[in-house]
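Each structure below appears as structure tokens.
Shared chain: chain A. Partners: chain B in the first complex, chain C in the second.
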Partner chain A sequence: MAAAPAVARPRISLRHRLAERGIDRTLLLLLPAVVFVVALFIYPFVYGLQLSFQPQAGSDAANKYGTGPFATYRLFFADPYLRNTIWTTLKIGLPAALFNVLASVPIAYRMRGRFRGKRAVTTILVVPITLGTVLTAEGLLAFMGPTGWLNRILLDVGIVDHPVRLTHNYWGVVFSLTITGFPFAFLLTLSYLTGIDPTLERAASTLGAGWWQRFRHITLPLLAPGLAITFCLSFVLAFSVFPSAIMVGEPARQTRVISIAAFHAAFEQYDYSMASAIAMIMGAVELVVIGLVLAWRARLYKGATGGKG
Partner chain B sequence: MSRPSTKISELRLDHVTREFGGVRALDGLDLTITGGEFVALLGPSGCGKSTALNCLAGLLPLTGGTITLDGRRIDTLQPEQRGFGMVFQNYALFPHMSVRSNIGFGLRMAKVPKADARRRVDEAIRLVQLEEHADKFPGQLSGGQQQRVAIARAIVLEPPLVLMDEPLSNLDAKLRLEMRTEIKRIHQTLGLTTIYVTHDQEEALSLADRLVLLRQGRVQQIGSPEEVYTEPANRFVAGFMGYRNEIELPVSQVNEKTVVLDGLGGGLTGVRRDDLGERVVAAIRPEDFTVGDGPNATEITVEVVEYQGREQAIQGRTGDGVDLHLRADARLAPGDRVTVSVPPERVLVFAAESPAAPEEVA
Partner chain C sequence: MTAVMEAPPTAEEKTPRRVAMRPGAWIVWGSVAFFLLILLGVVSSVVVNSFGRKWFGGWLPKGWTTHWYGATWKEFDLGGVLTVTLEVALAVVVVSVLVGVPAAYALARRNFPGKRVLMVAFLLPILIPPITYGVPLATVLYKFHLAGRLSGVILANLVPAVPFVILVMTPFIEQIDPKIEAAARMCGARTRVIFTRILGPLLLPGMLAAAILVLVRTVGMFELTFLTAGADSQTLVVALYYSVSASGIRAQQETDAMAVIYTLSMLVLLVAALRFVNPTQLVTQIKERD
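Now for the complex of A and B:
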């Protein structure tokens, strides 16, 4: 062969051409997940949002504030019976979430590393997560109710004269949220904690730091961002409390949480517009709390924490 | 910046033992260290050297024996009460603190007044040459710089004892040499008593005043670098100290100081180093062979040649199938047949089964 024909510029494969534009075709595998989220979250959310701006004719909101877009919201904030559900729910949700996170820290702290019976202890701590709210509520009623074992023992021993009221009020709901929420917070905290290199604490101890100083100056700062996330998730779980507020709470007064108000509007008054508005307010309150926590978290160190635990 | 008050005169380890579930990781370590000394614990992985260091730091409780510092028993103290500086293999820098806060952490725990602490941190930063990086975070530093921070953090308190756990093993070859010199320089400047754990014999030889060779939790030899290098106590130490050729041969004649072994051409004459048993091993360094006729001459066929700059590392095989490792200036190629020789005083003959724990040699 004399002169080879001019070599055609080799065809660059589609994958490489896409890669040059920063497109990875395997990302298409995310499509089903995106469709799922759009269909089951974004669409219902947007639908609910627009519904909340269309007060139903003949509803309380429309009767009092007309059919303007904000009538339902005006009714909610004008009526203390509705408005106060925010505080009622916060009063239950914030302490419960805070307790779950704070209680999980020392327990997870002791539980990291290897020791005999670790699996058994973890199982016992985590089992309540599988029980479900209804079963937990049943158990609470049987155990802590006015004729439950706890009160009988307290009466028989003579510590109290009258049964202590621990169910069908504020405390019943808080107990219930603790029992179901703690394992969740514990598992999250444990995984954050085992992500912190244990050599760091050993290094601190050779530098003269006692256990509290090691925890205070090394472990806690590295754990705090994780605790913030754990708190946010625990809080969202607690804030949407519904079954236990009815079963072991006092749903008419003390534990009339915001989800009960929404339920009441939707399924007793058939006012979907009002119910949607309450759901939106509920979401907004959660966002505010999470926003505050995340703003605090943004000020913390969030880099690597040294890997394996 | 030396403060003589923190200097020690003697650290004694008496029969220090540590078991893990019935396995003796460290079996009766006896060692006396004088103030200002640089001692290297050397051995292959699993020999108990890191266990020994952790026992000294207080991170592992002993299962037997005592540790005394200037007559004061310390093995029952918590690590934070011992006040030893420790450099960890993975540096263990606090990732959420700046270089300055990392180095100053110990001073902060000791509640040293702020101005004094700041001055001492600055001195330490200068000592490890990290002035420009003082306000960075560990994540922004290279491996070598992180190791400097770790060293500065360990020495800023001028502890009576500095413990280093394979501090250079995560660095690349060039940086390792650089940091080795650095560690030696810092030891010469401050004169802090240092115990250094490593599996790298070159590192141990170049840094330490005294070497402790460990194997399976037992001391094999304690001595100066020169003693350990030229007069290894047993087959194991020899193997670890670069006697790469370990040839098991039958004994033909035992004299008072020398031994003649069968094989390797016309027989191999060497120096007797042990009470010999039935089976013996001749240990020879690759660099002690010379190409050409001489004592203990034998012919080999060159099999593998590695270029190493001025020299070549050669692996060859004798007529009776013994592999030899040697170094040669001559340019050889695989398949060449050459005669090599080695002076009898460079052939050390050991019992093939070394006693597990010989007497202290030093």
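Now for the complex of A and C:
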């Protein structure tokens, strides 16, 4: 009998020591999710990464640059038709995300208080989420097309002499991204704004601050970290633009975004190494932009905003 | 922290009602009205076209018909497509809640080495655009002969869904007092009983919110489904996209009719979601995480 506790003690103490650091059987609950993320996200990602370093025999990359590990990347950066997709994507994604965030600030600022019909207005502004890219694209083609209502109105009023071309080019994609992306940015901005304690502004008001001073020196600094996050998420949405770039854009030239290049390589040329390489470059470019924004955000004040908590 | 469901406890602003607005307000509301007007034009162009007989120039179509709805239903086998959409969405919801909620519980209740790394791993699938990981994921799924059928589509859609459930549920669980569990344990409840009788009822509203949001996201998820779906495992969005790219041979009104059906079903889901979730509350919860 004397031997049993002696054997059991180190085991129990180890369990205790682990439990003190927060490791106990509760963590087993994490297991399915971890297995899941590793199997369906990390493994494919790593697989794609190593695939991108193994050019397929007979592919464009292998023919031009051999089967060395960087052939796909060299092809991407040497071929202007591929290389320029980065620039094209940024040229569409950055302004669209920036516009969505900046436009949602004054509107959310107006709507942060309580007023009658607030829920109705919020719902109407959120409805475009349900439209989906295809209906938006179809609608833009019909509404802003050469014979659409918009051009008819413009012609009848006499603002223009001949129909304005707003679809099948850069602007069509930007419009489509605004319609689908704005509600999302607005919702986030509104939630960040309502999280700021309104008494702070009232205190500033008693000290004689006008609305611009209140906004510039009280609300904006508190809102800025939230705006950075909103911009990041809006940019992710705008950066992965795919269906609308094909439908309302000019997918061969002006709006040939990087996701079209990746899709083209994977499912039309069946060159999975090239497609993986493009996908990796796409992820890298996006993470660089987000990293820059988050680095800027890290320099901002991030204390309690005093709101709900 | 406030619960996800609760009405906002914000201190109300006691501004007196003014009839005349300041110029700033006029500009803001004017641009909102302009945006909504454009939106109305975009949506009604599609709706009008889907009911129109022929529409070449002119303010309105020549005549009205509901023919296109029947035609698109038959031609694209929308009954089958809707069944697939429903199957995929329900499977994704059930699995993501079953996998995500326990993980969120562990993340909310324990601090352990490597927790930050884990959180980043759970955040990445939401932060990285679907096409970026969708292409390698589809390649892997094709390698294991899972893509092109229902199971592949479900697996691909789970990738952003599980982290999303974790992200929504973690703050929700954090605001449930751990003393309640401790008290139950004092009274002799076992872990299983605590989960089914104590935590289950408390978590139900949060799980419902997460489930509905996942449902909306999955029905609307284009890229991942597009990359992994085969001919008989298309969801409504993907069928819609294909009908656009094949519009040369079919009447455009059929596509528009299908787009209207899609939007109506999304609208029903979103209105249902907004009844359970206050969207402006949800995001604040996420913000407080970091």
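What we mean here is this: the second predicted complex is superposed on the first by the 286 of 309 C-alpha atoms of A that agree within 3 Å, B and C clash if a C-alpha of one lies under 4 Å from a C-alpha of the other, contacts with A are read in each partner's own complex, and residues count from 1 in each chain.
The criterion applied here is as follows: a residue touches a chain if its C-beta (ideal position, glycine included) is under 8 Å from a C-beta of that chain, and two chains touch if they have at least 3 such contacts.
For clarity, every value in this text was computed on a predicted model and none was experimentally measured.
Taken together through their common chain A, the two structures put chain B and chain C side by side without a clash. When the two complexes are overlaid on their common chain A, residue A:243 makes contact with chain C while staying clear of chain B.
In the superposition on chain A, contact is made by A:27 with chain C only, not with chain B. Chain A is touched at more residues by one of its partners, and among chain B and chain C that partner is C.
By the touch criterion defined above, A:207 reaches chain B but does not reach chain C. By the touch criterion stated above, A:222 is placed in contact with chain B alone, chain C being left untouched.
When both complexes are overlaid on chain A, the residue A:152 reaches chain C alone and has no touch with chain B. Of the two partner chains placed by the overlay, only chain B lies in contact with A:301; chain C stays clear of it.
Our angle of interest has its tip at the CA centre of chain A and reaches the CA centres of chain B and chain C; in the overlay it is 80°, to the nearest 10.
In the superposition on chain A, A:199 makes contact with both chain B and chain C. After superposing the two complexes on chain A, the closest approach between C-alpha atoms of chain B and chain C comes to 6 Å. Residues 197, 199 of chain A touch chain B in one complex and chain C in the other.
Considering their complex, residues 57-59, 78-80, 82-86, 88, 90, 92-96, 105-106, 109-110, 137, 139, 153-154, 157, 163 of chain B touch chain A. Listed in rising order, the residues of chain A touching chain B in the complex are 197, 199-200, 202-210, 213, 217-218, 221-222, 300-301, 303-306. On the chain A side of its complex with chain C, the touching residues are 21-24, 26-27, 29-30, 32-34, 36-37, 40-45, 47-49, 51, 103, 106-107, 109-110, 112-114, 121-140, 142-144, 147-150, 152, 179, 182, 187-188, 190-192, 194-195, 197-199, 211, 226, 229, 232, 236, 239-240, 242-243, 246-247, 259, 262-263, 266-267, 272, 275-276, 278-280, 282-283, 286-287, 290, 307-309. Residue ranges on chain C touching chain A, taken from their complex, read 1-2, 8-13, 15, 24-25, 27-29, 31-32, 35-36, 38-39, 41-43, 45-46, 49, 56-57, 59, 98-100, 102-103, 105-107, 109-113, 118, 121-122, 124-125, 127-140, 155-156, 158-159, 162-163, 166, 216, 220, 222-223, 227, 237, 240-241, 244-245, 252, 255-256, 259-260, 262-263, 266-267, 269-271, 274, 279-284, 287-288.
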